[in-house]
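Naming follows writing order (A, B, C and D), and every chain is counted from residue 1.
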């Protein structure tokens, strides 16, 4: 087994090159590798998030960086496809020797990169991907999720629906046919069955991801006349669906629930009517009712608007959250190390259980049992307001993450099955758009 | 009298309105060189196509060595011992002449290997002999594409000979060959056929060739056989002279 | 499923078929004449859509009615410029060479155009619905349709079908194209400039792809990658019909459109499978497609 | 002829040697080279069919079959071993190659390509749509397998899989080389230049093509299994038409005339993609497209053809 020996020798070589343990001098920079969509449909999230990352890094470095060390970013494209993504991620970690990575937007990418990060012993923040299962199946040391997952996100939307429209009898779903579309419906429908068993599901439609045309689906829904239509689609798909449905009167006929519609509001402009229930994947809204008068929050939003021409959407806030988490973690690690620069492992130790103020909403905690972030959820309903070319959210509810996130150690679907109708009666503060 | 090798009975075929074979009866005898003549469109090539299974007749049967081969696949008929040479040489242009020959040899033996090198087949000397016999051995290592037309024609015939057939059907073996070379090629060819003990049928337009090389001639006209006989008999027939040869 | 739903499904199927036909027939025409499968066809579709949307958004503030000529202009510009460049500089040097190379160079064009599209128009979805909104809605059994989709699109498709038929069967240029399709050598022998015919045909085919895109643009969000799916779909339609068959392409597009619509009503899970499964089944039974004609090789 | 083959074989030997040694110095190359080798194995299958003048625009289906074999095993049986995966991948792709092959070898040229495309798109739609079994578009994770019962750390595994890929690639290269020189291989090439003649020599062209097709499916499957283990995932994208196009692309890039073209092309393709993605994240497709056009227009025999052309001109013609 000659090659095995060679391989072992090689591994030793690698180990010598990569491990940079022991007494640390302050490095010249903290390198952060970021996986985001720069191509493909999901670049509607990835490109604004990249702009945000660059803006945040600039601001951070102007203020002296993290613990006095400037940050340096490098990006890889999630849209390049599986193999290219993994090889580029490895290159970033092994050749560029980044100190931490933020990966990624799609749960598919996270599924691929999380084990790689664990293998390569690099701290990774899942900054945007939502599949609950990733952290439920295994306990990771190096992987953290700096935001919520699909379970509280969908549950918040569902409870909002049950609170605001308690009498609906029928529901249909039109979701993109991939993990998020399927999983979000599984979460939503499981919880719905548990909390309101009498509702009838009249159609489950999963058009192909990136489908250019929903005419037939819309005809079918127009004929079926469900009380509620749920979709967790996003990006171009959601835009197309909403516009085609609006054009043909479907939005007026049924109550539409856009599970993660916050990211499309500005783009849809006048094509988005009033009265749609919209979720935001977290408590993200550029006019967040609890933060809207916060100077730093306003400055961030204005700066982003000036830079990109649009108000921030949730991936922008998710990116910012990852930075806040990193900053908090480093500060904590430096403090724990008696003011000296921490090793990589010490930084990872510090990340466990960190609570950090995002500045964009309520604080987030990285639950120490499973490294899952606990993030509040904001849901509202669309309404026109003077001075805006697009709809704003009104009657916003902000949900407490500790209540609507499944406890560590219980798989979300199992937990959702245990919910009772009374669960939806919880007290949730409601905010008017001012 | 030698035995009957190939026997066609009542062969009929038509393409749309054109009758290409209208009740063809013909026996090919062991050891002979039978020439087929006739005007263009008389159905000569169609007869070869039917005999080798490229076309399926609408009526009639073909027997070879007493076995019914009507509408069998070309490769099945080839396996039984009928080889064919073409009016336009059909070679593997991207391979060398020797490789062409060895493919033919490997085909004859069946169950070709996927691992032994072609160039190491034990048939190499035999193929060299055949190429030598036909007079193209100097081209053995050249790509078939590089050969002049006359030589291609000979290689085409060698490919057929490599199959060790009982019967060789040739479609205008000297067409496309400069007239100065025709005699030489036919000389080489008939010598080789005699040596290999192969019976032959050849379609031919050149009456000189027919006179010199055929034992027997069959005259085709509008899908029918007008006359069969020795070259002298046939070429003396005034009707044949008028309608077929055009004198 | 009752008869009302069946009628709804037919309407959906027709409007889908109309768009698919426009794109597929261009592909089929190009193959019929040049014997090239144009993999960049989907990109021409996407470029047509993007340019149409860009122009529409420009002219809509002046008068929304100007968006219709804008759609037409966009398809002609894309067809002539992109189609012209592909034929003249990529395909022409390869005539007479291996088919694989011709196919693959259009694949290269597809990759480049896909990338250029992102560079020119960015990655954010673009939407220009003015042409759609100008036309009134129609209601069938209480279900609302846009007349753009159920009337205008099928009308354009029919006009294209009959226009192409007329052009090929009744005009001199069309006769020349048909002559080249049927026998290139003979056509060249009687003095037809085959290279010009190729050039013109490719531009017509490319314009049809772009027209498909332009007409689709008011109904859908334009996003990166929209071309890649269209090429296989239109290829499936053209191959199922028999490459080069114009009327056949129309009937096959209709067949696929209707089957797809009924499948969405009855078994939505199998929607994506429909065109490809039909293609496999048809090709297994009729290798030359439903309407393809056999050609015997002479030996 | 011997003079034509030998320098290429030497180039192949150097290439394999570099793949074995270079990653020891740059650790991120381990995965890069493993991918190049695994894809080279798939492209060998394309090169094989190119000998017969046939282009399969659906060969990614066997790549996907190989990859999903490993993925399904991990998902429904659990665990897994490199040798087991390779054997299973080989079996499943060979069997599916035989089944699909029985249909497609009746067709030639564009029809062959079309039918392959159609089959692959059916497989792709099934992988996409059978969400409960396949996870749809997200694919199935392939856990790091053991080797003959020994399990490995991630650092060791990336080298292990590199050397497994290398051994597979060398074996495949040698096998294909031998096959192309054999009577069956020559008959495969004969299909391209004159199928009618082949039939008139008493050989069934369909059977010859079927053997070639099954071998090429086998290679596709092996390559797919390797890539699934290297990437630790299998997704429907593995079977999408653009993937098939990519394989044909690589074959033409390297040069379809010789087995080494597969590896030369794969190396070029992956390196351009790897480094273009690193430095010009947004234009790797553009670069690859331009490279392909230049190759097709100016070096139709691919990268290995370039070398031959250079050599011929160096000899001063004749």
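Basically, a contact is a pair of C-beta atoms (placed from the backbone, for glycine too) under 8 Å apart; a residue touches a chain by one contact, two chains touch by 3 or more.
Given the structure is predicted, the values throughout are model-derived calculations rather than measurements.
K.L.:
Going by CA means, which chain is nearest the middle of everything shown?
P.N.:
D
K.L.:
Which chain's mean C-alpha position is the greatest distance from chain C's?
P.N.:
B
K.L.:
Averaging only over C-alpha atoms, locate the centres of chain C and chain D and give their separation in whole Å.
P.N.:
One centre to the other, that is 32 Å.
K.L.:
On a C-alpha centroid basis, what's the spacing between chain A and chain D, in Å?
P.N.:
37
K.L.:
Using CA atom averages as chain centres, what separation in Å is found between chain A and chain B?
P.N.:
Result: the chain centres lie 76 Å from each other.
K.L.:
With chain centres taken as the means of their Cα atoms, state the distance from chain A to chain C in Å.
P.N.:
Distance between chain centres: 38 Å.
K.L.:
Check each residue of chain D and list the ones that touch at least two other chains.
P.N.:
In chain D, the residues touching two or more other chains are 128-129, 196, 282.
K.L.:
Can you tell me which residues of chain B touch two or more of the remaining chains?
P.N.:
86, 90
K.L.:
Check each residue of chain C and list the ones that touch at least two other chains.
P.N.:
118, 269, 272, 299
K.L.:
State the interface residues of chain D toward chain C in the complex, per the touch definition above.
P.N.:
The touching residues are 50, 55, 57, 103, 106-107, 109-111, 113-115, 117-119, 121-122, 124-126, 128-129, 196, 241-242, 245, 248-249, 252, 256, 282-283, 285-286, 288-290, 292-293, 296-297, 300.
K.L.:
Which residues, counting only chain A, touch chain C once they are in their complex?
P.N.:
The touching residues are 38-41, 43-44, 46-47, 203-208, 210, 212-213, 215-217, 219-220, 222-223, 235-237, 239-240, 243-244, 247-250, 267, 271.
K.L.:
In the complex formed with chain A, which residues of chain D make contact?
P.N.:
20, 23-28, 30-32, 35, 128-129, 131, 135-139, 141, 144, 153-156, 159-160, 162-163, 167, 227, 230-233, 235, 237, 273-274, 277-278, 281-282, 284
K.L.:
For chain C, which residues are in contact with chain D within the complex?
P.N.:
Those in contact with chain D are residues 31, 35, 37, 39, 90, 93-94, 97-101, 103-105, 107-112, 114-116, 118-119, 228, 232, 235-236, 239, 243, 269-270, 272-273, 276-277, 279-280, 283-284, 287-288, 297, 299.
K.L.:
Note which residues of chain D are touching chain B in the complex, please.
P.N.:
Counting only chain D, the residues touching chain B are 1, 178-179, 181-187, 189-190, 192-194, 196-204, 208, 211.
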